[in-house]
Amino acid sequence: MGLDSRKMAFWAFIGSECLLFGSLISTYLVYKGRSLTGPFPHEILNIPFTSFSTFDLLMSSLAMVLALAAVQRGDMKRGKLWLLVTALLGLVFLGGQFWEFSHFVHEGLGLTTNLFGSTFYVLTGTHGAHVTVGVIWLLTLWVQALRGKLGPANAMTVEITGLYWHFVDVVWIVIFTVVYLIQ
Amino acid sequence: MSEQAHATTGTYLRVAAILVMITLIEVGIFYVPTFQTVLVPVLLFLSAVKFTLVVMFYMHLKFDNRFFAFLFGGPLLLGVAVVVSLLFIFYGAVRLRAGS
Amino acid sequence: MKSWLTTTDHKRIGLLYFWTAFGFFLIGGLEALIIRAQLARPDGGLGVSAETFNQLFTMHGTTMVFLALMPLSAAFFNFIIPLQIGARDVAFPRLNAFSYWVFLLGGLFLNASFIAGPLFGADRLSVAPDAGWFGYANLTSRQFSPGPNVDFWLLGLQILGIASLAAGFNFIVTILNMRAPGMRMLRLPPFTWMTLITQFLVITAFPVITVALVLLMFDRFFGTHFFVPQGGGDPILWQHLFWMFGHPEVYILILPAMGIISEVLPTFSKKPLFGYTVVVYSGVVIAFLGWSVWSHHMFSTGLGPIADSVFAGTTMLIAIPTGVKIFNWIGTLWGGQIRFTTSLLFAVGFIAMFIIGGLSGVSHAAAPSDLQQTDTYYVVAHIHYVLFGGTILGLFAGIYYWWPKMTGRMLSEPLGKVHFWLTMIGMNLAFFPMHFSGLLGMPRRIYTYSSDLGVAGFNLASTIGAFLIGLATLVFFWNLLRTRWHPITAPSNPWGGATLEWAIPSPPPVYNFTVIPTVESRMPLWQTERHAPMPALPERPPAPIHVPGGSWWPMITAIGLPILAIAAISRTLPLVFVGAAVVIVGIYRWAYEPVEM
């Protein structure tokens, strides 16, 4: 077909991830309102805080796309900068998740406390694990760039990293709406 | 690369601004009691818009070969169908049996 | 030896898949024979215990589905697809090797459970999975399955899932992106088409079972209640998630075999596949509809009349494209110059047996009749007619067809015919009576039955049939083995086939094609109305062809996965870090390895 094989494989992978997260979101939604005990979502979810996380991840997607544009035109100085910014924004998101989880546990919502806890932590935890892999991936690219091994010739690597990162952002958009806003 | 046109930095910034605005609207709707009845469809619609913007512009699907859209779109629709059908099976039946 | 461990050559990987899968097929067959020996007589049979019996049917199903049938199909995906599309290898050769090693290690991990009992303080040697190949909740909960058996099952399947997913992405890209010039989509050989469709099923269905197994793992390891009623969980959710995977899975199992039949019948009828386009579109429709029928496995769970009707309807619908294919195969044979080679015999056998399996399937589609049939031996009859009479006969047809290409040696036709007839008699004797014992009320998965049930005669017949299958398989195994001592004398095109794999020597040189051909028709090697046969390819490549060397990293990365599984099953946290480290280091070294093209 004359398309880049890695890009094609990656879009297929992202397609399969739709089924992965679709199944997890289904489980969350099917068990919504069926917890035998509290805490319940409306008691514990913090919308302002999570809005900030959402904003953070959206900005990280912007940083990612600016990183790719920079690398594609050979501006490695900006490329390195935006890659690092993306990774840092990802770390901020993870920090927020970590804080949120600790806070919830402190408030009495553990993994096994009730169905809300189980479905919430598994869904957002899987997403968080994906963000973690993304941050490691981005930092790896950043280090590669520092070593002068990244440039317009291998911009496809950055593009694919971007696809992964944006997908992770897009999954969060769905989670934010379905878990936090629609209670 | 097989893109025909290319989005500019300006486009990316504009998309970012729209994403932030939509998020603010979503949070706003969440807090305003008047909108409670339409909360779910409006939120679903707004998040779908955000989803589409990120996929079309940041993931470049708008400008890339249409095949990538098929590779992603097919499984995406399937994923949505999985969610909808499970919801219907677990809750639709309940609503119907309740005689609505 | 080292070259086999580091190989990234699709042909070698195909052979590795073949022999490994065949080995697991024999193990799965042995499990079946013990089951049948036990059931030959009522009221206790041979004295096999209930627990042992549960392990036997669980491992038989799991082994046959995941370790035999899928990998045997994969052997052909690997060896044949690049040849059929005129490519030198798959899109991602190292990922291809990775898939094989993960499969091997996953299969070993799963079967290790047979001797791992002492390691877990069990009072028996074997702690093999024992909750059925579909692991229904909440039998699989920690409460009702306290031992490591189900842990072996869920961890083993997770490992195997990774192998299948990786291969799925690989073959989708290969088939779409690496075709020879002129090889338009509607010129693809039918086997390649069916494989492409199958891989789309794989990459969409496997994530669902991945989630189901993760939820089960969390219930068993961390105390969640996803499928535990006392905590609000619903065991039916497991069934939905499992069968959302499980139904596409059975199409994953049958479509490749249908593809093989669509290759074998034209070659031995000297006629093109009748209605090629319709056959291709039917495959697409089957895959698409295959996603809409899953709850027909759940008619007895109280879904309600609407769900029951919807799923009954979609299940009946899917019989249509399937029937279409059958008519097209018959149409291919009709009026052809038929050569009754062993391969063709198995292909014809496939059509007949699959029709029978399809008919019992249609009777399952009607929810009311299914309520009588479900969980009885009637279903066992159905699944074995479609999976043995269908997939396995199809795979045998493929083996007899492509063995010369893969090894350069011909299989013995007389032995092949003995194999065929023994198999046909054996399988019908084994599985046909099960329609009756099932309708008379013999449940599935029972380790013995009362003589009062009146099915002892049927069971005895089934057992004799099963042992006949075993005998036939030994004949087949001997046929394969004896070719090792033969010289490599098979011609490029022993059968007069039409597709590109027959244009190159048997076995092919490492680079496959001296020159990548340009394809002008669906049947490049045949004279058709509009096209002369493709001219012969040069004997030697015009310039030296660089073939990428092997790599250690796929295998090394793969090893990290069973280490993680062992860490989980033995609750050894440090080992988790070891396993993760192996995977991570493996991936980094893999990524930074210079890619030779």
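Which chain is which? They are A, B and C, in the order written, and residues in each are numbered from 1.
Convention: a contact is a pair of C-beta atoms (placed from the backbone, for glycine too) under 8 Å apart; a residue touches a chain by one contact, two chains touch by 3 or more.
Bear in mind that the values here come from a model prediction, so they are computed numbers and not experimental data.
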item	value
Pairwise touch network: line, ring, star, complete, or other	complete
Pair of chains joined by more contacts [C-beta pairs], B-C or A-B	A-B
Separation of subunit B from subunit C, taking each centre as the mean of its C-alpha atoms, in whole Å	37
Geometric centre distance via CA averages, subunit B-subunit A, whole Å	16
Per-residue overlap in subunit A, given as positions that touch at least 2 other chains	1-3, 8, 12, 15-16, 19, 23, 30
Multi-partner residues of subunit C (at least 2 other chains)	176, 203-204, 208, 234, 237, 244
Interface hub residues of subunit B, defined as touching at least two other chains	67, 74-75, 78, 82, 86, 90
Interfacial residue positions of subunit C with respect to subunit A in the complex	91-92, 165, 168-170, 172-173, 176-178, 203-208, 210-212, 214-215, 218, 222-226, 231-234, 237, 241, 244, 588
Of all residues in subunit A, those that touch subunit B in their complex	1-3, 7-8, 11-12, 14-16, 18-19, 21-23, 25-26, 29-30, 47-48, 51, 54-55, 58-59, 61-62, 64-66, 69, 159, 162-163, 166-167, 169-170, 173-174, 176-177, 181-182
Sites on subunit C touched by subunit B in the complex	176, 200, 203-204, 208, 234, 237, 240, 244, 291, 295, 303-304, 306-307
Subunit C-facing residues of subunit A, complex	1-3, 5, 8-9, 12-13, 15-17, 19-20, 23-24, 27, 30-31, 34-36, 111-112, 114-115, 118-119, 122, 126, 140
Partner subunit C, residues of subunit B touching it in the complex	67, 74-75, 78, 81-82, 86, 89-90, 92-93, 96-97
